[in-house]
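Chains: A, B, C, D, E and F, in written order; residue numbering restarts at 1 for each.
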Amino acid sequence: MTDKPISRFPVPALADLPDDIRTRILAVQEKSGFVPNVFLALAHRPAEFRAFFAYHDALMEKESGLSKAEREMIVVATSGANECQYCVVAHGAILRIRAKNPLIADQVAVNYRKADITPRQKAMLDFALKVALEAQRIGEADFEALRSHGFGDEDIWDIGAVASFFALSNRMANLTSMRPNDEFYLLGRVQK
Amino acid sequence: MTDKPISRFPVPALADLPDDIRTRILAVQEKSGFVPNVFLALAHRPAEFRAFFAYHDALMEKESGLSKAEREMIVVATSGANECQYCVVAHGAILRIRAKNPLIADQVAVNYRKADITPRQKAMLDFALKVALEAQRIGEADFEALRSHGFGDEDIWDIGAVASFFALSNRMANLTSMRPNDEFYLLGRVQK
Amino acid sequence: MTDKPISRFPVPALADLPDDIRTRILAVQEKSGFVPNVFLALAHRPAEFRAFFAYHDALMEKESGLSKAEREMIVVATSGANECQYCVVAHGAILRIRAKNPLIADQVAVNYRKADITPRQKAMLDFALKVALEAQRIGEADFEALRSHGFGDEDIWDIGAVASFFALSNRMANLTSMRPNDEFYLLGRVQK
Amino acid sequence: MTDKPISRFPVPALADLPDDIRTRILAVQEKSGFVPNVFLALAHRPAEFRAFFAYHDALMEKESGLSKAEREMIVVATSGANECQYCVVAHGAILRIRAKNPLIADQVAVNYRKADITPRQKAMLDFALKVALEAQRIGEADFEALRSHGFGDEDIWDIGAVASFFALSNRMANLTSMRPNDEFYLLGRVQK
Amino acid sequence: MTDKPISRFPVPALADLPDDIRTRILAVQEKSGFVPNVFLALAHRPAEFRAFFAYHDALMEKESGLSKAEREMIVVATSGANECQYCVVAHGAILRIRAKNPLIADQVAVNYRKADITPRQKAMLDFALKVALEAQRIGEADFEALRSHGFGDEDIWDIGAVASFFALSNRMANLTSMRPNDEFYLLGRVQK
Amino acid sequence: MTDKPISRFPVPALADLPDDIRTRILAVQEKSGFVPNVFLALAHRPAEFRAFFAYHDALMEKESGLSKAEREMIVVATSGANECQYCVVAHGAILRIRAKNPLIADQVAVNYRKADITPRQKAMLDFALKVALEAQRIGEADFEALRSHGFGDEDIWDIGAVASFFALSNRMANLTSMRPNDEFYLLGRVQK
């Protein structure tokens, strides 16, 4: 536990939040055992909070040709490239849990080219990184490379959209100096 | 008018859309005289569409210490840096209209350092570009620079959040090869 | 019209210029209806002015395997990459006029990969951008790519030379903070 | 435990190694409980192995104005910038142990600017990153910045030399695709 | 001496050149003892040749607040940054001769920050490199830095214009794979 | 000869050095006719000195599938990319001598793509530069490219290890502002 600030900006008390936001946060706390700081830091702006999590859920919780672990790989790899401490630490934990693999998050965060992933997943991350870092250069050849690994166009939208959403998320975390909860660092590291 | 595709991905017919999305699109058409292609391209994914425009409106339509024209400057400058054709052309039009200035959008898109804007606005765009291109390096000195121009912390969140949201938006436009409507190119160029 | 300075450096009065330079400028004014600021800003140094425009005309006015519109595409695309406000705005106008296309200049300036141009023209701009940004890496494979689109070696010299000349021109415009004339912004946007 | 290859190159059996190298490796195994893969991967070239570890020890084991934890911070921060999986994972473990801080390594690896370190340590890492990424730009002002935090010239040599040595080490690890031992990932994460 | 090609493009015979160009080349040969390859390679295009050398002479041969050696320093430093073999080798020779210093050219080509030059010359080269590599960021602070070293505005134009002209020249040399004459390598290295 | 400092840090007198280091330095002086400054500058730290030269000799003096001249090409090309004045000047001299070619060092230092070397040597330098500048991206395709030119895996280790060792060396030289001896500039330039 720490008493370091979790955001450069004011962080509202749970009691002061609109009902829908407080309800969502309490549900997360119930499920996870703690409130990830992103909920508290973004609650400073309720309208933006609602849109942010609606977007997040539309991409990360839905059915998709990508497994949930694969979507978290995209988050961790692009957040590593963007040097976003909150997203690497928090989504690294989620990735370890979803992939049931205690090593994968650190590997993907530092250099996904050398991670224990499949060639198909490497192609997925090649594309995601290109969206994250030089989307203006995405062209037909990049789509073809993904199709040759069996990705359909809806999968490609998913890859690109997750990378795009975390382009936003990484920047908000760096803008606010959002601090990852201490709990995330160890989650999923000890296999049971 | 053109018959070029407006997206690499399927574009739904208005008649096939959920009611709320069709209603929103018809309202925009009523107001603008045409349907900006971003509405049609993103309607391919209704849940993402709703979150995208909720986020957009939360940032771009609300009261703020930044004028609406200033927020559009941020969009145009960061979209120029990200080489996003849709956003530069479409938001360039909106910027011309909101600033009542037919020259400003092209100036800001190419090199805001030489645009006809105030030193305060240049500081705003320096910060926005840093969020767009290297948010990981944002630090206390960047906040101080904005404060010295009279920006408060809520204004700084606004600057950073607009740059962050269009980091997402630019990537989606480049991913989908979103085509700006022909109508945008001339809007706001002839002062009445 | 504006009374903003057109250069950081002194701008000579027409009456004070050497005859040949004044004559050239008056001829341009006669033809265009106004004097593009590049003529006035560079006239501060008559010997450099003469060499600059001799070079310009040798490349841009001569017969070539590239159409005049194609040469202007090279100017606009490389000037966009170099963030040269004067050249994007002024040559954007010329490109619209020469291509008889009101949309093309903004498209090429922001991201030529998504512009309404032919694959041959995209290959031309790929090469031009490589000359503009990393000429040291130009090699045989780049020549082969152009030849596969039907360009001959004289055409390749033309592409490279136009990109090289505007490497000079963009830097002089950014050095002098050369201001584009207000007239350029609207030229060629309304088809007759 | 894993049976993935630990190097692209041949890895010698302990029994085949020169005595001095085998002795050193057995001593490490005795102390750590396992043999870090860097010892096995580099033992492919005994003469280079000896020089590598002599250099390592000369920098990392000696008395210095920098604590051992601080020297490991330099390793982790520069290895993160160089995307070296082996060094981030292995030296991240050592940093956690030496700093008695289970969070510090992930923070420093992703973005040291937001880590729980002192301003003096941030200045140290600013300098180390500059040596790692653009040593050609190191100048008197960089030395002055360190001196203003109380670093003496011998300390500055140490900072620069550690960053320089791991410039070598990171490249050898990426060249050989050196795999971090599974044991490193959890070391120092659970405080006792 | 070598029989390697001096350009990717056709190189005209002296006898086939227009009189004015042949005369100029013979004069250079008379003075230098050999014909620098840039004259032969560019003579492939007589109109461009005339403009190129007129521009060159207008900047490099005239009276200026910068000595001729200082102007050659700008050429060598910016050509080094642009990895232009012809210009570094040929103008390195001229710099050695004009500065009467056999070491200066190699120092400036590799890293001018560590060359045996004055602080005023370092400021001059800082500005020249900024024009060469990121002219779009040149601003008032850069002008002030030069003024604080005693440079007047005409000197600043000279610095920027030489850097701009060699931005063109470096690109033409890399485009044509222009080969430096063997004679240049040793010129000015042995002091008499 | 010059009296400029050869390092930012203290330089020991020969008489004050440990015997083994003094002996090594005197042997070099005997052979070369002067003491290269790298020996004096690094002797400030005897333990690091010993490891540095042991590493150097293990790579540069041993039998290898690469000739000694080829290994010096790697040094000069990567040191040029790292803007390391000491290494370009000193190893440029060694390269000229070992290759018996007075032109090769300047060519390789500025732009090896245009140097008088074989396609096999260009492939070697492509790989070496990738290790020097972006080792994290080295992958199977890079190994294949070298194998197609006849390099075996031990040769590839050599290429990568030389590039890695000079990543260290270049940074130490830039950190210490190590000054190349005047003698190096002319060595090997006059063929006998």
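Note that a contact is a pair of C-beta atoms (placed from the backbone, for glycine too) under 8 Å apart; a residue touches a chain by one contact, two chains touch by 3 or more.
None of these values were measured; they are calculated from a predicted model.
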Shared chain contacts [subunit A and subunit F, defined touch]: C, D
Greatest separation from subunit C - chain, by CA centre: D
Of all other chains, the one whose Cα centre sits farthest from subunit B: F
Interface numbering overlap (same over half, different under half) for subunit E and subunit F: same
Whole-Å separation of chain centres (CA-atom averages), subunit D against subunit F: 24
Centre-to-centre distance between subunit C and subunit A (centres being mean Cα positions), rounded to whole Å: 44
Multi-partner residues of subunit F (each touching 2 or more other chains): 83-84, 111, 136, 174
Topology of the chain contact graph, where touching chains are joined (line, ring, star, complete, other): other
Listing of all chain pairs that touch each other, if any do: A-B, A-C, A-D, A-F, B-C, B-D, B-E, C-E, C-F, D-E, D-F, E-F
Subunit E - residues contacting subunit B, complex: 136-137, 139
Parts of subunit A lying in touch with subunit B, wherever the complex brings them together: 8-9, 44-45, 47-48, 50-52, 54-55, 57-59, 62, 82-84, 131-132, 135-136, 138, 143, 153, 157, 160-161, 163-165, 167-168, 170-172, 174-176
Partner subunit F, residues of subunit A touching it in the complex: 111, 113
Of all residues in subunit B, those that touch subunit C in their complex: 4, 80, 83-85, 88-89, 92, 102-103, 106-107, 109-111, 114-116, 174, 177, 179, 182, 185-186, 189-190
